[in-house]
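Next, two complexes with subunit A in common: one pairs it with subunit B, the other with subunit C.
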Partner chain A sequence: MHLASFIVRRLLQLIPTLLFILIVVFVLVRLLPGDPASAILGDRALDADVERINRELGLDRSLPVQFAVFAKSVATGNLGNSIHLKLPVAELIAARLPITILLTVMAALIAVLFAVPLAFVAALRRGRAADSVVRGAFQVGLSMPVFYLGLILLTVFGARLGWFPVGGYGDGFLDHLYHLFLPALTLALSLSAILMRNLRAAIIGVIDAEYVQFARAKGLRPRLILSRHVLRNALISTVALFGLSIGTLLGGAVITETVFAIPGAGRLMVDSIYGRDYPVVQGLTIALAVLVSLTFLLTDLVQAWLDPRVAR
Partner chain B sequence: MTDVTTPMMAARRRRVLPRPLIFGATILLASAVVAVFPAQVAPYDPNAFDYGALLQAPTSAHPMGTDNFGRDVLSRVLHAYTIDMQIAFFATVFPFLFGTVVGALVGYAGGWAEVIFGRIVDAVITFPFLVLVIAIVSVLGPGLVNMYIAVGVVGWVFYARIIAAEVRVQKRLDYADAGRAMGYTHARIIFVHLLPNAITPAIVYWMTDMALAILLGSSLGYLGLGAQPPAAEWGVQIADGKNFMATAWWISVFPGLAIVLTGLGFSLTGDGLAELLRTKR
Partner chain C sequence: MTQAPALEVRNLTTTFAGGRLTAVNDVSFTVLPGEVLGLVGESGSGKSVTLRSIMRLLPASGAVSGHVRWQGRDILTMSDADLRGVRGGQISMIFQEPMTALNPVLPVFTQIEENLKAHTDLDRAARAARARDLMDLVGIPDAARRLKEYPHQFSGGMRQRVMIAIALAGNPTLLLADEPTTALDVTIQDQILKLILDLRDELSMSVVLVTHDLGVVAATCDRIAVMYAGRIVETGTVRDVFAQPAHAYTRGLLGSVPHAGTERSMLLSIEGTPPPLDRIPAGCAFNPRCDFATGPCRARVPVLEDLAPGRSVACFNRTAVTAAGSPV
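Presenting the complex of A and B:
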């Protein structure tokens, strides 16, 4: 069974990745100007308090031991406490991260809804007016900063026309979706530009393949050829790209949440940076990186399902 | 015998320049001129307050209007070219150079070097780039130099990956064998002979990367983690105007258009270069 061994292999590959994430964050925290104790306690800390914090953080021990302690506490879900909010970081992240995940999933869905039909139009009418319009649109989309697009959508559809709320998250699931629509659209437009560019090229690459000609010769309906043979194969590279774009999407979510005042993990990240709440920044960096590596895993599995050759 | 076409040969064979390259290069050239001589192009001092002309809509005296301090938006947009073009260059040139050298060495050496490098690539692409940059900047403190450091730590990997893949192909071609037969040093073969034929995709990516750097730089400026106010920088300007969007849209809208235009300049140039230097394999 190829797929099973592929999944196991992929899960094993996750271990060095997770280790690397921990090392980077560990080093980052050690790069903090001054010592963490005075960063936590402020400049006028008492020596006894500094000593206590150092002991609590394990800073009085050797670096490898410190790392082991750090890795162990992260693995058990202990990410320390927020300096300002006085809450466990893990609890804060658990409350805020689902909002960010919902936002990115919505954005991804909208992006696919845009990208797939437009890529088909551009690819099937290669070199004609429709192709030029679509390609021009994605060039502009690629150069458009997320915060700028968000600000404009917010002003036009939120403040001016009043179709959507100008920020916040609302109550209840449907209200959440309503509040997240504009921010998700903002993220989706830049993502769909990336996807469309790739998918268009992939469709053009596939459409003249022999097995597609064969399907045509068999007299299959064009629609069936496109959906079953062309799209499936064109999607393989796009799914990989989609996985690679998740990091960008989450980065965009940080900005979008700031623009639209959505209380998600991204907003928490920016607020924590302003407030120098390092335990939260550290915890979020780990959580977001883990989220990305899990998404990679997922997109790899989807790829293997679309194209069994990948799993070999 | 392999029939080798170098990128330069491909370029010489074409008689007309690709249209995207002409458009893109024109935009970039104009941007560079404004970036170097902002004071000569801009009608006003970008930081001069004018309390007699607050929040004025675009007029012939102020073609892009004025902001809440009466500063001329056009002059600020033009002066911002200096910072934003610098960001595009400095945030990408070190990753480009370092990544090219590492990628060439890794691609040429192959074996265990490639295995280790592959692991590094996997690990780096797992990190949400912006999140990592924000985390690094938050530790080092806001500002442009720290942003360059943060981008550089990660950015070289992408260049190295591209170059390594190209060098891996080039080193198997006859001319590389010929170099070895002539007794050339590995360094000479890699950097004098293989690299010029392997570098095209990296240069094309460099153009895209500069557009991305401007997006990143202005995003950090918007968040208050990049260029610091009152500096004229597009992201900072958009943040300055965000509370006036309903009443004085021009403060934020024009700097954003400058970002889009410059980004287009880079990506059109990249596309055009790719077309110009494309070799048929």
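Presenting the complex of A and C:
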């Protein structure tokens, strides 16, 4: 198969993407209001001190030089130091980003676990009661703001019933999963509503296809027809949507981490923006952008695997 | 003529849209073991719907009534589990469109093997070997490599062969072949028809062959059933019907066949087009296009009457039609 060359080609395409990300981050950070020196020294700083800080941070040099220095250090994994926390940014990200990734992955899994079976129920009982109920319930899920939903879940299952912790991250992997369940559920609901709707429509589009009729004419079991012939073809478009939704999901993680007091990258980002901690904002933005690019790559690979016509 | 039929279709009626559209209307025919029956008629006459109704392969909007007797049972009323044994095992179907009937995202091997898995006790290795044999059988070279490929890597003719390989995987005793050669060029068409006939001889299976092409019927079929607007209007052996058509529509169809060495004779081709399902004329559905039509044709629906054993026709003016002689 041509899958191997497809993967190589797709990996090469990552290089310009990453370069573009670096440029955007570099420019954006310089467009932010306020400057690092006054953030560090306070508003009443002396000019001499400001100059000294700028020199230390390399901000007195020309922009192209600044960019070259910046790109080189990023490439070597050096993202600078946090202004407030006095720690290497790379270290901070290494500590906080996995929490956000775990939260996002859990949310994605929960969304899929909800969406796929319910899309089948809705599609196979199209126009009947089950279809209306599923679609109605998801319409509600889709229209509720993430933080509001999070607060409701927190109040009911955390505070009232005491089934889940009301915040924090816990110790040890299983405890992490336990702590992240409610926030992940919060994040998952609107995504699963979107996926459900898309997959339901895709299944309806595929179920009367000639190749599905032909599969029936072979005397295959309905379960095999659904999983092998219907689901796989229907998933092609839904996987693309799913990949595109990962960025949104990461954005939602910022809000969710704030509501549930989870020490993830989203919280770190919010705190750093308020504190004008440029190096952290910059490093996190790069890390998240790389993460999103990688999920796009992964999405493409899954699509190529699902649909052999893609990898050509 | 005393042989018991392999398949017996009685009063098959298929409607769509809650009964408002009748695509197949009170159709009855039989197929003997080892026999090739040609089902002909213009586009929209109900040939494909007839085949799909036999296999209970209709969308949710379709409703079937009547009887389809197969090995002492009625396919239309048997359980879903029994039906799965018949479909793809005892009775196989070749779909009209090779471009859309194969799953685009599965390798050809999977699409053959799943049929073997459903209908044979072969183990994995034996299924792989049998899949290669089937590819050889239908004349696809380089079987081992091509089995790993996907439908989009095959030409139209090769896809049609793949479909035939799939249909033959379960060693069917009846093959329902829906225009297996339309959209293929003539040499490939001949190869595929010859293949089906060879297999009929080798496996002694019966075949219902749907086609527009009366030349194909003459070359391959034992008997013919002519359909118009959802009804069978004439049946008989190919020899009898071609020599002496008794229905004006059959005569018109025969007249539009290009003969060997001559141009298509436009004089005798049928004027107009078949009616859509929501506008089937009263009386004989063919009457607006019929040169032989008389008063009764516009008032009543002619019923199929036996002229001889195995030969029947539904035409009020069959004497006049017969007297006009065969155009071929």
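Just so we're on the same page, the second predicted complex is superposed on the first by the 298 of 312 C-alpha atoms of A that agree within 3 Å, B and C clash if a C-alpha of one lies under 4 Å from a C-alpha of the other, contacts with A are read in each partner's own complex, and residues count from 1 in each chain.
One rule holds for everything that comes next: a contact is a pair of C-beta atoms (placed from the backbone, for glycine too) under 8 Å apart; a residue touches a chain by one contact, two chains touch by 3 or more.
Computed from a predicted model, the values in this text were never measured in an experiment.
Steric overlap between subunit B and subunit C is absent once the structures are superposed on subunit A; the two fit side by side. By the document's definition of touching, of the two partners only subunit B reaches A:144; subunit C does not. Contact with neither subunit B nor subunit C is seen for A:55 once the two complexes are overlaid on the shared chain. Shared-chain residue A:255: touches subunit B; no touch with subunit C.
Touch criterion met: A:152 reaches subunit B, while subunit C stays clear of it. Set against each other, subunit B and subunit C touch different numbers of residues in subunit A, with B touching more. Touch criterion met: A:288 reaches subunit B, while subunit C stays clear of it. By the touch criterion defined above, A:232 reaches subunit C but does not reach subunit B.
Angle at subunit A between subunit B and subunit C, computed from CA centres in the superposed arrangement: 80 degrees, to the nearest 10.
Using the contact criterion defined above for the overlaid structures, shared-chain residue A:72 touches neither subunit B nor subunit C, since it reaches no partner.
In the superposition on chain A, A:84 contacts neither subunit B nor subunit C. Here the smallest spacing between CA atoms of subunit B and those of subunit C, following superposition, is 20 Å. Overlap of the subunit B and subunit C interfaces on subunit A: none, as no residue is touched by both. Note for the complex: subunit A touches subunit C at residues 208-211, 213-221, 224, 228-229, 232-233, 236, 306-309.
Contact residues of subunit B toward subunit A in the complex are 119, 122-123, 125-132, 134-136, 138-141, 211, 215, 218-219, 222-225, 235, 238, 242, 245-246, 249, 252-253, 256, 259-264, 266-268.
Only residues 13, 16-17, 20-21, 24-25, 28-29, 31-33, 139-140, 142-148, 151-152, 154-155, 159-160, 244, 246-248, 250-252, 254-255, 258, 269-270, 273-274, 276, 278, 281-282, 284-285, 288-289, 292-293, 296 of subunit A touch subunit B when the two sit together in their complex. Taken together, the subunit C residues at the contact with subunit A in this complex read 52, 55, 57, 59, 83-89, 92-93, 95, 97, 100-107, 110, 114-115, 118-119, 150, 152, 163, 166, 170.
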